[in-house]
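In this document, chain identifiers A, B and C correspond to the written order of the chains, with residue numbering beginning at 1 in each.
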Amino acid sequence: MATTTADIAAVSPVAVPARRASAGLWSDAWYRLRRDKLTMASIVVLVILIVLSAAAPLFEEHVFKFKFAQQDLLGAYAKPQLEKPQYLLGSDELGRSQVVRLLYGGQVSLFVGFFAAAIQLTIGVSLGLIAGYKRGFIDDAITFFITVLNSIPTLFLLLIITALFSPSALTLIVILGLLGWAGITLFVRGQTFSLREREFVTAARTVGASGFRIMTKHILPNVLPFIFILAAIDIGTIILIESALSYLGLGILPPTPSWGNMLSNAASYFNLAWWLVVSPGVMIFLTVLCLYLIGDGLRDALDPRLRGAS
Amino acid sequence: MRTYVIRRLLYAIPTLVAIATITFLITRLAPGDPIRLFTFGATDLTREDIEALRAAHGLDKSLPEQFALYIVNAAQLKFGNSILYHKDAMSLVLERLPNTITLAVSALVLQLIIGVPLGVIAAVNRGKWIDNAVRFFGVVGHAVPAFWFGLMLIIIFSVTLRWLPSQGVLTVGKDVWDIGDRLKHLIMPAFVLALAGIANYSRYLRTETLDVIRQDYIRTAEAKGLGSKTVFMVHALRNALIPVVTALGGVLAFLISGALVIEQVFTWPGVGQFTYAAARQKDYPVITAGVMLGGMLLVLSYLIRDIAYAVVDPRIKVK
Amino acid sequence: MALLGTLSLVATACGPTGPSGGSTAAPEEKPVAGGRLIEGSFSDIKTMNPMLVADVPSSTVTGKIYDTLFYADPKNGELKPNLGKWTISSDSLTYNWEIDPKANWSDGKPVTGEDYLTALKLVAMSKLTVRKSNFQDIEGWKDFVDGKATTISGVKVDSADPKKFSVKFAKVFCPALVNAFGSSAGPMPTHIFGKYTAAGQADAIDKAPENTAPTVSSGPYVFKEWRKGDQVILTKNQNYFKGAPLIDEYVFKIVADATVLAAQLKTGELNYGTVEPKDLADMEAQQNLKVFKYQALSYTYIGWNVKSTTAPALQDKRVRQALAFGLDMDAVVKSILFGQGTKMVAHHPPASWAAPGAGLNQYPYDKAKAEDLIKQAGFTKGADGVYAKDGKPLEFSIVANSGNKTRETLLQVATEQYKAIGVKVNPKLEAFETMVDKLTTGNQEIQGWIIGWSLGLEPDPYGIWHSSQIPDPAAKKTGFNFGAFTNPEFDKAIEAGRSGNCSQAERKKNYETFNKILNDEQPYNFGFSPNTLLVVPQNLRAIDPGTFSATWNLEKWWFKQ
């Protein structure tokens, strides 16, 4: 399992460019990004994965003609084959189509990743902005809370919570979202600290802009590019955590397929059908890899100073 | 320095109280009753027997009463008797601690001895294929689901090739002090646990080294005519290592709590695996003892980190 | 890994050589001593005190250290003398025991009637045991538990021959033999544990160091070392009364899961373990392994809440019968258990002597018949293919515990197959502990559920089926008759089976009535009873396992070189 804190540490040395967020920053970044073949390839692969998962019902109906819950007990453990399109990637212990379930599993895994990350980012960014901008008592309170949170073995606690509550998919998303935002807050808080002393912020304050307006209109746009980096890495990490939870039987519960629970299920049948273990593992790996590479590429694009080869 | 340490330790108290409270609430608010679970299927039991057992564990009291007792006892590091093992919960958890520490420290050592050189080599060979390979590994190492990687290693090295044992800490029949046998058991779980960290360190070291190489004092040293290798070893690496050393505490803490899944895959009898099993059985005393021990280790390793930081980097003044 | 329950504990007793002992060895083979038996398990032991044991791993290990008074014939479960032999008085109230003259503790001290009394006293004084009710009908039990007496008056040790003792019960209770003289009542060494039975030190036994490191043994093996979370090591008892075992060491080793266990049997890291049906073909393909297959004393079922107001269809016997006809259990056994199991249509698995011989409806898979029964119950098929009555669809939920692959799969198959007969199932997975809570407290959210029963040597179904065991949330009464099924004739048969005439033939008759009612009423879809698949190396000799015991002649086992 990847480490939320360590990942954030890996991106945090980035300094915020000393200028206002402008079309320039974005277009420069985009220009550099386009020349970064690896990142572009990752984006393309990720988009394909998302589209395929989103289009799962269409594939189910028109291409494979096999419902994702449909069973064929006699066709269990079929090898990957071209003769029966529904068994393109083989069939599981109930004769269900692995490929169709992978597509639906993608929906679930990506959904969990994106939404839990959205919750983490919303909490993390808002608290970070507030703590960094307001300072004083509010900052102290938020920082103390984070200190406490950081002193709890998070992953440990997450496993205990899921073991005790065995949450549904939605609850799981909320739990994941509520636990991993501390690193984001600290990062955004740090950035806000330095940004609030910049001329354009002071200028905005002099013309009487409200705190809320300064935070959202002036500071947030400057932090935003880095939030994209954090988001990409965050989503990947959450997908990994979900798969680990599912491996322990604590994540998304069957019959709803997720890549994690398909993997965990297949792991107990690997001597009968090793190919069932391969495909969900590859999907998780590929998705997370793409997300991390995108995160990396974005960082390089936004801060060329750190670019290795250039 | 001493006052600093003492103050940090005092700060740890509210944190630990918070952890204790959270753990209590989580266990008690979760659905399920440990006694019912423990006696499930024992159809020859009478209801009186079941209630007597509940009373023996103090679970017949009201929640506020239980909480008050719990906090008073927790302050003395007493967490009560395990429902399953009939023994003091903290001592049961402590029995597993050496195994977890062994695993975490081994993983940490692997991270450093593999990750640091990789990062430095990549930075020195910036732009060459080896740099790209390390950078790619830096991402790949993170993206692999660790438990899956562990399973794959078991399938390859234990089931197919039969080179390494896949479970436990010692081969049946070997002496407790057979270090060679222990190492054989340790290598796979330690490596799997270290993987993400190796990737992390290689990225980190690469960036840091690049950063340091660009800095003026390296150029000055070079200008003074020192050989580029000497310059690099003496100045660049030392500065690059500062953040690595300071990250140790946090990483160790992460390894200790993150070892849970790996312990599960390799049946490594550590604190995480034990506490997790207790959570599945609702053995309240063991869950709280396990989480509290994890919290204490975390607080302690952050403290060590901060002290190391102060020692390694003289620019930081301890206030 | 959800345990089925603790009822199967008695099945692990060890015993003397039966006539079939050594039958697998060819006549020219001479047993040789040596070697190590390594058994695989998914969880660690919790204690080695048989009075405190409440889980299968602990009872597996403890059973090899503390021998029991009788043992069960592996094939038919008939009780046979082991450490002791017994006679029962004509009024069925007094049990007279005589302990084998050769029976000694591993330190050379004889096993006596006093040791049985010590065991009982330990149970009475422990606060953490769950075994007290096994002895509640013994005369003087309650007085001792309450501290009004210094001993249990119903237990009398012969002053002339310390090997003889008698136990008097206050009322006739057929399960008494198994319950009060089984594995949780094996003799305990008075010279070791006596110090914990003195008055005024209640619960001292719960903290005894001997619970985790037994010093003496009456069984084939003695305790050597417990490497927590990893392995338990026992060595042979040279003083074992049936002769020292041939295999030097017994090791209980913890592994992650069934897949790993199977893999380690192949590599020889383990040489004794039960595998899942999915691994059977792989095991049988191994030249160096052999597999024993025999019926287990357990079954996995789908229960129906027959009093459910939210799913009233389940109140109707015809609907429940339709649900039996409408699920192809043979196909389920074939696919989930790879054919290693038996379809069940009543409570007692066929291996038990209490199972009815014939005359049960087998409910063969028949979709048309199932739909007929549903129609007879007043339902008509709607446009969506689901039957409905009074505008309400024939719909209910079935919950299974997550993490149990067999039950999860059964749930998924049932959902699909019931859909084919126009019944809508809402499948749900919940944590085992949540399910246990809801079931035992009678939470009416429960409509259908999947779980298993693991039965013991004693077939008494009172705890599972008697009307007194129906949970009642209003009265805060818990119990195991979750589905609330009952009727007077049914209750009567259960009561007669436990406190009427205790002869096996008479009890069998009562249980036949009992099973026939269940078979007709179908308060459960009784599911299937799986086979135990025990894997050992090809060269392990003299092993002769059966439904009721696998290790009854452990001391005779040996490895051919």
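Things worth noting here:
Methods note: contacts are C-beta pairs under 8 Å (C-beta built on N, C-alpha and C of every residue); 3 or more make two chains touch, one makes a residue touch a chain.
Since we're looking at a predicted model, the values are computed, not measured.
Among the other chains, the CA centroid farthest from that of chain B is the one of C. Interface comparison, A-B versus A-C: the higher count of C-beta contacts falls to A-B. Distance between chain B and chain C, defined via averaged C-alpha coordinates, is recorded as 39 Å.
Centre-to-centre separation of chain A and chain B, using mean CA positions: 23 Å.
Rounded to whole angstrom, the centroid-to-centroid distance between chain A and chain C, based on C-alpha atoms, equals 46 Å.
Residues of chain B in contact with at least two other chains: 31-32, 264, 280, 282. In chain A, the residues that touch at least two other chains are 163, 165, 267, 270. Counting partner chains per residue, chain C shows two or more touched chains at residues 263, 431, 434. Residues 3-7, 36, 38, 43-44, 46-47, 52, 54-55, 127-128, 130, 132-134, 136, 175, 179, 203, 206-207, 211-212, 227-231, 233, 249, 251, 253-256, 260, 263-264, 266-267, 269, 431-434, 436-437, 440-441, 453-454, 460, 462-464, 469, 477-478, 480 of chain C touch chain B in their complex. Here chain B touches chain A in the complex through residues 12, 14-16, 18-19, 22-23, 26-27, 30-32, 122, 126-127, 131-132, 135, 139-140, 142-148, 151, 155, 196-197, 200, 203-204, 206-207, 210-211, 247, 250-251, 253-254, 256-258, 260-261, 264, 272, 275-276, 279-280, 282, 287, 290-291, 294-295, 297-299, 302, going by the rule given at the top.
Across the complex, chain A is touched by residues 257-259, 262-263, 278-279, 281-282, 331, 334-335, 402-403, 405, 408-409, 411-413, 415-416, 427, 429-431, 434 of chain C.
Every residue of chain A that touches chain B in the complex is listed here, in rising order: 1-3, 5-7, 9-10, 13, 147-148, 150-157, 159-161, 163-165, 236, 240, 243-244, 247-248, 263, 267, 270, 277, 281, 284-285, 288-289, 291-293, 296, 306, 308-309. On the side of chain A, the complex with chain C involves touching residues 69-71, 73, 76, 93-94, 163, 165-166, 249, 253-255, 265, 267-272.
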